[in-house]
Amino acid sequence: MASDNDSFKKGLEGLEAGGPRSPQEAEGPPPPAGGLPPHPSVDALRARFGDAVLRHELVAGDEHVVYVDRARSHEILAWLKDEPGHEYDFLQDLTAIDYGNGRTLQVVWQLWSISNKLNLRVKVEVPLDDLAVESVYHLWRASDWLEREVFDMFGVVFRGHPDLRRILMPYNYAEGHPLRKDFPLRGRFSRAEQTRRALSQKTEDHYSPRELEIAHLLGQTLPDPFNKGETGSQQGQFGGMGGGG
Amino acid sequence: MALRRVVYNVTRTPEMAPGGSLVHAPIVPVQGEGVEVHEDIAGEHMLINIGPQHPATHGVLRLVLELDGETVVRCIPHIGYLHSSFEKLGEYRDWNQVVPLTDRMDYLAPLIYNCCYAMAVEKLMGIEVTERCKVVRVICMELDRIFSHLLWLGTTAIDLGAFTVFLYTFQERERIYDLHESLTGARITTSSTRIGGMMADLPAGWIEQLQKFVDTFPRTLDEVETLLTNNSIWIGRTQGVGVMSAEEAINFGLSGPNLRASGVTYDIRKDRPYYDYETYDFDVPVGEHGDIYDRYLCRMEEMRQSLRILQQAIRRLPGGPINVDDPRVILPPKTAAMNDMESMIHHFKVVMEGVRAPVGESWFSVESSKGELGMYVVSDGGAKPVRWRVRGPSFINIAALPHMIEGALLSDVIAVNASLDIVLGEIDR
Amino acid sequence: MGLNEGGLPIHNQQGGGQAPEGGIFSGQPSFLTTRLDAVVNWARTNSLWPMPFGTACCAIEMMATAASRYDLARFGMERMSFSPRQADLLICAGRVSYKMAPVLRKIWEQMPEPKWSISMGACASTGGVFDVYSMVQGIDTIIPVDVYVPGCPPRPESLIYGILLIQEKIRNSNPTGRQEWRATDILPPGESALPDHVVERITSPFGSSTSQNRPSGLVPTGAVVRPTDRRP
């Protein structure tokens, strides 16, 4: 229908305006802050970090979003956390958005300052062929599991995270990263195959690498699903799980 | 039995060899920053598994504990046993079709989730709901806060051995189930909000039923308090256990009564008020020790404060329409849809094509019974979300569990776990 | 163990050529054995000890069924056994993910005979709302199920009706008969008792989930379908 074509086009425009395809294509100097209501942290960030602050947007009426350069994201977030007057001590959320269609992935930090009552959303655009960002584990411990979840669901590696492994899916899940747009809703394997993989695991075998290291250290032998397949023939198509054990 | 403390450096990302097997890397003792492993020279530590099927884990949570006798040396939680990919499923559903999914995440306070999701999408769309809808949603959210705290109270008490409280709280919950059922048709999975309003207005007699509940509930609460608050066994098991200091609590991202029990005054209803919460007269209890007892007191008092809010909301409930008068999102009244062509086409378009949101994104968080519930919706201009992210408070609260119980006794593990008020549907999503 | 034309195993095969002649325990029903059956079944029916395998929302309804208003103690079932070794009725209440499936299987295998199972709720019966990559589309692919209780979540009255159906099943069963066993009781270790094509058939999408797609009208799904992927 004609109206759908119009909204389609408008939607596409919105998509294009939503973000550049890669950091290299970002606009040079950030636009002047005259158009948007000021946010104290964004202005201070611009003053301190200059062109590492790529863009500042206002969404949904009153939410300030700032896009920063991936290389300096940890520095910027640390500054936001510790700088007096800003002190974003509460990490509300850490997530990622995959728009699909080859567009860059965005990693999102949603910050709140309990003392100053300020909200800020910080975003970093990550190219699909290099999904890696600096971890903020040592800034906010809340990011421990949040980063693991983003790794599990999107495949983004957080450099510096002490224990980055899957959290919601089984540790040896072989179908991919579910929340990516190129991952089908019902998974890649057939239901019979998924059932077989699920049932072939022993319940006690779901130990994390850290636990296995500890057991290794204490001299306790635990069933080790990750290395069981070293017998050779049982590996291969099951990607490390040694079948019925 | 001496314990020799050795500091190890486990700051590496595990390497997966091709073929999927994990490569053991040697753990090297270092000075300074690292993870402590207590080496027990005389005896042996034991690695035990609690869950995922266990009566006291409040769902399918699995805890692997390294025990030194009865003392927990290390705790490693494993989650994901209930992962139902709500977020992926939300990308395949229209904006209104996501509402039934929200009930099934925190099934102990479904109306709060319904409301929060609708509020996030309405913010994205720039829709302001009617005054009546605001008050009704406040009533729904406070009612479900009581609902959730009652279950928390019952299950925590039963975990610590007090069975009677469970029966009392479940009897009260049955009355709230009745309220849910009259309002929405379902006891738990209410799905009562829609973008721009509610699925239906309040049925006749509902406010009277609610008023009766609000008037008689304090008696049960008092009775439960006599059973627990000054009970020496309860105090002995909960005071000083599972302590989190204020800085730690903030850094770990705790929210809700868990954070406030540690002394941090952060309540979204006060700090970023929505739906005229700043005009309601209520207090927010804040503890000081950060132990289980303080969390218990905070939640008990929160129930009383919710009753206060409910009383005020009932009195100020205005008349008027419950749904906003916006044809983009709201269906026409059924009589009109059945009688005139234009309304029928309008109804058809809204149902078949779905409500369309503008390009953009919106984060909205409310004070849920468990903590800060955030919904982040991203739209590309269509009828379905591009990304629907739920910041479930329990996911972040439970991550702090190892910090709270390392060094505590095994029986404290259950108590602390119960005190965090987690719901696995929200953790695993 | 026989399979019917649909490929599904036939349960409760009784009679047949294995019974020797005569005697009270010969497998041929007689006056004494039917009286004994009735007594044994009466005992089993009225003191079922449920093993609540509650995962999600249905578990809350199960707790409400056990609480004061819809009292399960009327049926002798207030003693919820959390240890499978002492339970005879597994009530799987709530959605089961593939990560949880081996746990469910193990709990079922740990329960001693005689045992029955109730699949409570839509998610346990067929996957419910969640036709997704991580959810088991019906626990009957994992363990044998006796009674399915539909609902999302089923009201306590529905669960009680399901329990009454189990009681009826028990009353009609034949404990002294030699062939009183279920074809799927010996579950093959590490895999489902149902053959692959049966699993595919019973887990395939139905109803509105067949048209689950994500054309928001603007951006195609972009799902990369590999040759080994399942077709929706």
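Residue numbering begins at 1 within each chain, and the chains themselves are lettered A, B and C in the order written.
Please note the rule applied: a residue touches a chain if its C-beta (ideal position, glycine included) is under 8 Å from a C-beta of that chain, and two chains touch if they have at least 3 such contacts.
Please read all numbers here as calculations on a predicted model, not as lab measurements.
Taken as a contact graph, with one node per protein chain and an edge wherever two chains touch, the assembly is complete, since every chain touches every other chain. When C-beta pairs in contact are tallied for each pair of chains, A-B comes out on top. Each chain gets one centre point, the mean of its Cα atoms, and the points for subunit A and subunit B are 22 Å apart.
In whole angstrom, the spacing between the mean C-alpha positions of subunit B and subunit C is 30. Centre-to-centre, using mean CA coordinates, subunit A is 39 Å away from subunit C. Annotation for subunit C: residues 99, 103, 132-134, 212, 217-219 touch two or more other chains.
Among the residues of subunit A, those in touch with two or more other chains are 7, 11, 15, 99-100, 168-170, 178, 183, 185, 206.
Residues of subunit B in contact with two or more other chains: 80, 83, 85, 88-89, 92, 380-382, 386, 428.
The touching residues of subunit C, counted against subunit B in their complex, run 52-53, 55-57, 59-61, 63-64, 67-69, 80, 82, 94-95, 97, 99-100, 103, 107, 129-130, 132-135, 152-153, 155, 212-214, 216-219. The part of subunit C that touches subunit A in the complex is made up of residues 98-99, 101-103, 105-106, 131-134, 136-137, 141-142, 189-192, 196-197, 199-200, 203-205, 212, 217-226, 228-230, 232. On the side of subunit B, the complex with subunit A involves touching residues 8, 10-14, 16, 19-22, 24, 27, 35, 37, 39, 44-45, 47, 49, 62, 64, 66, 74, 76, 78-80, 83, 85, 87-89, 92, 123-124, 126, 248, 250-253, 264, 266, 271-272, 356, 358-363, 365, 372, 374, 376, 378, 380-382, 386-387, 389, 391, 395-396, 399-400, 403, 428-429. Remark: subunit B residues 52-55, 59-60, 80-85, 88-89, 91-92, 100-101, 103-104, 107-108, 151, 166-167, 170-171, 173-174, 177, 187-189, 380-384, 386, 424-425, 428 touch subunit C in the complex. Against subunit B, the residues of subunit A that register as touching in their complex are 7, 10-11, 14-15, 17-18, 59-61, 63, 65, 89-93, 95, 97-100, 108, 110, 114, 117, 119, 121, 140-142, 144-146, 149, 153, 157, 161-170, 172, 174, 178-179, 183, 185, 204, 206-218, 220, 222, 224, 226-230, 235-236, 239-241.
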